[in-house]
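Supplied in structure tokens, the structure appears directly below.
Read from first to last, the chains carry the letters A, B, C, D and E; within each, the first residue is number 1.
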Amino acid sequence: MSNFTIPVGPLHVALEEPMYFRIDVSGETVAHVDIHAGHVHRGIEYLATKRNIFQNIVLTERICSLCSNSHPQAYAMAIEQIAGLVVPPRAEYLRVIADEIKRVASNLFNVSVLAHLVGFESLFMHVMEVREMMQDVKETVFGNRMDIGANIVGGVRYDIDGEGAAYLRAQLDRLAPAVAEITALYRTNGSILGRTRGIGVLTRADAVDCSVVGPVARACGIDYDVRTKAPYAAYDRLEVPVHTLADGDVWSRAMIRLAEAATAIDLIRQCLDQLPDGPISCTSERPPIPPGEAIAKCEAPRGELIYYVRTIDSPRPERVKWRVPSFMNWDALRFMLKGAKIADIAIIVNSIDPCISCTER
Amino acid sequence: MIESLYTPLAMLIFPGGLFALALGLSLKGLDRRLAARLQGRVGPPLAQPFYDLVKLAKKRTMVPDTACQPVFLGAPLIGAVAMALAAALVPIAGFYTPDPLLGDLLVLLYLLTVPAVVLMIAGSASGSPFGAIGFSREMAMMLAYEGPLVLVVAAVAMRTGLGQGGLVSFSLPEIIAYQQTHGAFLFDPLLWPALAAFLAFYPANLGIIPFDIPEAETEVLEGPLLEYSGPALGLFKIMSALKAVVVLGLGVALFYPIAPDGIAGLAVHLVKLIALMLIGVSVVRVSCGRLRIDQAFRFFLKWPLALAVLSLACVALA
Amino acid sequence: MTSLKQMFSTQTRRMASLSPWIYRINAGSCNGCDVECATTALIPRYDVERLGCQYCGSPRHADIVLITGPLTARVKDSVLRVYDEVPEPKVTVAVGVCPISGGIFRDSYAVLAPLSKYLPVDVNIPGCAPRPQAIIEGIAQAIAIWRERL
Amino acid sequence: MSKLPETLELCLATTAPAGIEFTSKTDAKGVSCAWCTLASKDDLLPAATFMKNLGARLSTITILQPKAPATPAPAEGEAAVLPTFFGGVASDGKTFEINYHFDVNGDTVTLIAHVPFGGNIASLTPLFRCADWPERELMELYSVVVSGHPDPRRLFIDPSIDGAVLERLIPFSALANSATTKGLWEKIMAQTGSKS
Amino acid sequence: MNFIKNLMQNLVRGPSTVSYPFGPAWTPDKFRGRVAFKLASCTGCRACEQVCAPGAIRFDKTPEGLRFMMWHNSCVFCGLCEHYCPTDAIQQTTDWHLAHAVEDEFTMAIREVIAYVNCSACGAKTLSSAPNPVGVNPPFSAEEIEQQRNLCPGCRKKALAERGATS
């Protein structure tokens, strides 16, 4: 068997984003992986200290378009803690709705890309087509398909009236059976099972060692979800089931994501049922922000997202630091890729739902 | 005079060369159209493969610095010519019988390995690591499907040979003639396992999902074709269009060559090709995902090979 | 004779222009435009294959290059190298505001946008992220430009 | 109601003999956030070891250079009183403040260490595998040295860019590249003026 | 193989492709597209400039007045300008047809000037900006707003106080 070093990336069709792996292979088997990061490093932490507190809401939203609701939400939560702003209850529910809509779309996207990497184009198209329902919701309710711009400091800037709620419910009623059908497909389809079961296994011990978060951790049996461990927004008033699986392979991660998409649909319905009346923001203007520091956490589609903000006597924050879920999960790839086949590299990398633009900022 | 022109004409115009090319491209267009429909899309125009070819002819060919130029550019040409020749070897029941001097079924089998070999050469000549991986995968695939193919052909040839009182007959016209008098092999239970094995051979030989492993876009960036561009890539497209006509035509000849004489025979042949393309190729490629090379290899050793052996044994014992 | 030749040339050009193959380069984008490009290209709802478009895995097969992202310092060389591998004639499309002006990432030490400083851009599709219809609109404009170059 | 162990402050004080400054806050939803400033950066490793034994997960590491507070001019004849952080490190606008955020079953505990400019800090990577990337990152953002790091290469920033990017505080619109606001606006103004 | 059912459904049901670009495209009413600026409503408070994260909005003082400029190729369509604008002078339309050839890159801009006028009360040079009356009861009529436009800040304050306004 011959030995090669194959470069995967930085510009590779299988990778949605530029990431560079140097993979030493022996025949078709991976012998060693070296990850070279930084291709999407745009210096956003630096930019965040150059923009004022309100501009940063938009800046953090543009860190990544797939988790584009979680970033401004965590950032706004941190600023609200510093300024002592109390978000009205209606806004808390609306934040959850926005969050869960993004989660459905993001998880479906990842699962569909899995089908694409397996070469199952029809299934990929089918899942993406189902995801379009959520995209339509985003465009109709928020006005953009990716960066929904739901959060502002002090609340949200969109509202759902009776008509909007009816539309949302109608879309969810169409979406829920479609997601259930996709879940059944992924559970039983031979092509998917043959390429994902037992591939890229991460043991629970390694998962704890690497401190992985989100669906990757839950697929290894680690029962950690920020929404239940450290509730924020309206999650303390909602029923949030946490899904875990024990196998830790690519398939388990996909199944966790699908289960969470289904849960998210349920959560949106719970929110619509409980949605209280009241203002959607505690202030319509730009509130003064005193000096201070705060930490805020939320559960992005990929796992725990943590923000640290320090403000000083200036319109610009002194430091905004965040740690995205993918940042923790990259390291686990070394364990998953050990002994994998070339054909599975892209599938395994995709299984952690790598958000490179989040990770490298 | 006319006799001596016969062979070149068969290769260049009909049924090989231009005719087969036009037919192959149309079949590809149909295939893409049906696949799109199955996926819930409109899909490209029927003539899209023609447009692609014209476009490629207008583009510039780039030769990578690491490549060996004569081999790099010669490989697709050899492949296309070999397939044009192969197309001239496939009879059309009731309409066209190839000159026995051109070669028989065994020659056809040899010619059918040329595209794979050409892709391997292309892959290694391009000097890219993906080409090299494509090379080894192409080789593995070839090893996997050639065995069953030979056994299937042997089963059919033996059936014909034994039926005629001989042992084996590797002459396609004879196989066709035998079926026209004794009924198509499609309805012969002894050859059903062979037919099943042959249907598995289609996607592997045509390089489509689930067996497009050597050219997998998301794994090895189209493998051997990665470095090709412009007219050279066009030659590969021509090769693959011709190959589709050859292997589909071979299937028709082996299993269901029943057709009326004259121009109607040609029409019936076309209908069969289209049906086979849509059922054996389009539907298959949209309804499953890609296998890993080791899975594909094991699959071929397990099913098609066993089925072909079974069929051959049945024929030999019956 | 010349008119016949001319007719042949216009006809082949027309046919060739019906087969624009697309290659996407991510120059450090936030994913938004890439996901929308993938959506546009691959899902039944938008189906650019109607226009004869096809996404290809190798830059050498491409005719239209879609570039997303603000061109980070780290990715610049790779982008330029891959761009050079696309054979002429080609058309370049900047998708999203990032490659056009740097968008929201302007003023960062790691961002080199605008893209047009490093390679010739033909069509801009502003948006953050542009919706698939807008991308199709931009691709249609790119095809028109490309036809002139064939 | 905080889910953090009640003895946390005591235990941390025991592991950090140089002294700690501990505050804790629990929000309306029952999520706690504790801040523990270490008087001496040398106490970081024992304190982190304690956190590890507590079952904590290292969430992330934040490094910053807090701005020096404005000090009133000293009275005549008196030496100026320089502001310091807890523990006595000068707050001169150059000192690094490194926050280690730990997650204890949903609650956050932050250990804070102050490192004088040009100083170094012990690596937590041998203790927490996941400290690898955050520590590489803080080394490229600031000129602090993490001693004992197994793989102190650059993480994200391209070699073509000078290191310690957040420390140098690159002036707005004065970068070498063309993406600056000023240059673009000049172009826009010139063009719109002539075409519209 | 259980996917065959979906394929057959597609075969029978036909394509789900939208007609665009060969037909009209659907655009939701709330779509956040190209920004439009209404000079008549602008108070010149510059809130939009301060919240515009990519710096697509810029105000300059020129001899003719306060110039508002906005470049669509920098805009990230976040809508914060619209959100924080006190008088809805800046609004996002549903127009998404922004693709353009690169030659037209710099013409994709809005350029409006809030002109200098002489205060209709005291004659001092002032900007003809729209008022933002908060808490005025009964609300201003169109003529009153027109009058307010041409008052300098001092005189405007006086006039508002007469009407019992808070700002």
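FYI, a residue touches a chain if its C-beta (ideal position, glycine included) is under 8 Å from a C-beta of that chain, and two chains touch if they have at least 3 such contacts.
Just so you know, these numbers come straight off a predicted model, no measurement behind them.
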Going by average Cα coordinates, which chain is farthest removed from subunit A? B
Tell me, please, which chain's centre (mean of its C-alpha atoms) is farthest from the centre of subunit C? D
How big is the gap, in whole Å, between where the Cα atoms of subunit B centre and where those of subunit C centre? 35
Taking each chain's centre as the mean of its CA atoms, how far is subunit D from subunit E in angstrom? 40
Distance from subunit E to subunit C - Cα centre to Cα centre, in angstrom: 30
Residues of subunit D engaged with two or more neighbouring chains: 156-158, 165, 170, 172, 181, 184
Using the touch definition from the top, which residues of subunit E touch two or more other chains? 1, 3, 7, 15-17, 31, 53-55, 71, 74, 76-78, 105
Where in subunit A do residues touch at least two different other chains? 13, 38, 41, 43, 46, 50, 58-59, 62, 116, 120-123, 125-126, 129, 139, 144, 147, 190
Provide the residue numbers of subunit A that touch subunit E in the complex, in ascending order. 51-52, 54-59, 61-62, 120, 122-123, 126, 129, 136, 139-144, 147, 149, 152, 157, 184-185, 188-190, 285-286
Which of the residues in subunit A end up touching subunit D in this complex? 37-38, 41, 43, 45-46, 49-50, 81, 209-211, 226, 229-232, 236, 294-295, 297, 304, 306, 308, 310, 312, 318-319, 321-323, 327-328, 330-331, 360-361
What does subunit D use to touch subunit A in their complex? 27, 29-31, 33, 57-60, 62-64, 66-67, 99, 101, 103, 105-108, 110, 128-130, 132-134, 141, 154-158, 165-166, 170, 172
Could you please specify the touching residues of subunit B with respect to subunit E in the complex? 36-43, 283, 286-288
The subunit E residues in contact with subunit C across the complex are 15-18, 20-22, 25, 31, 53-55, 71-78, 96-102, 105, 108
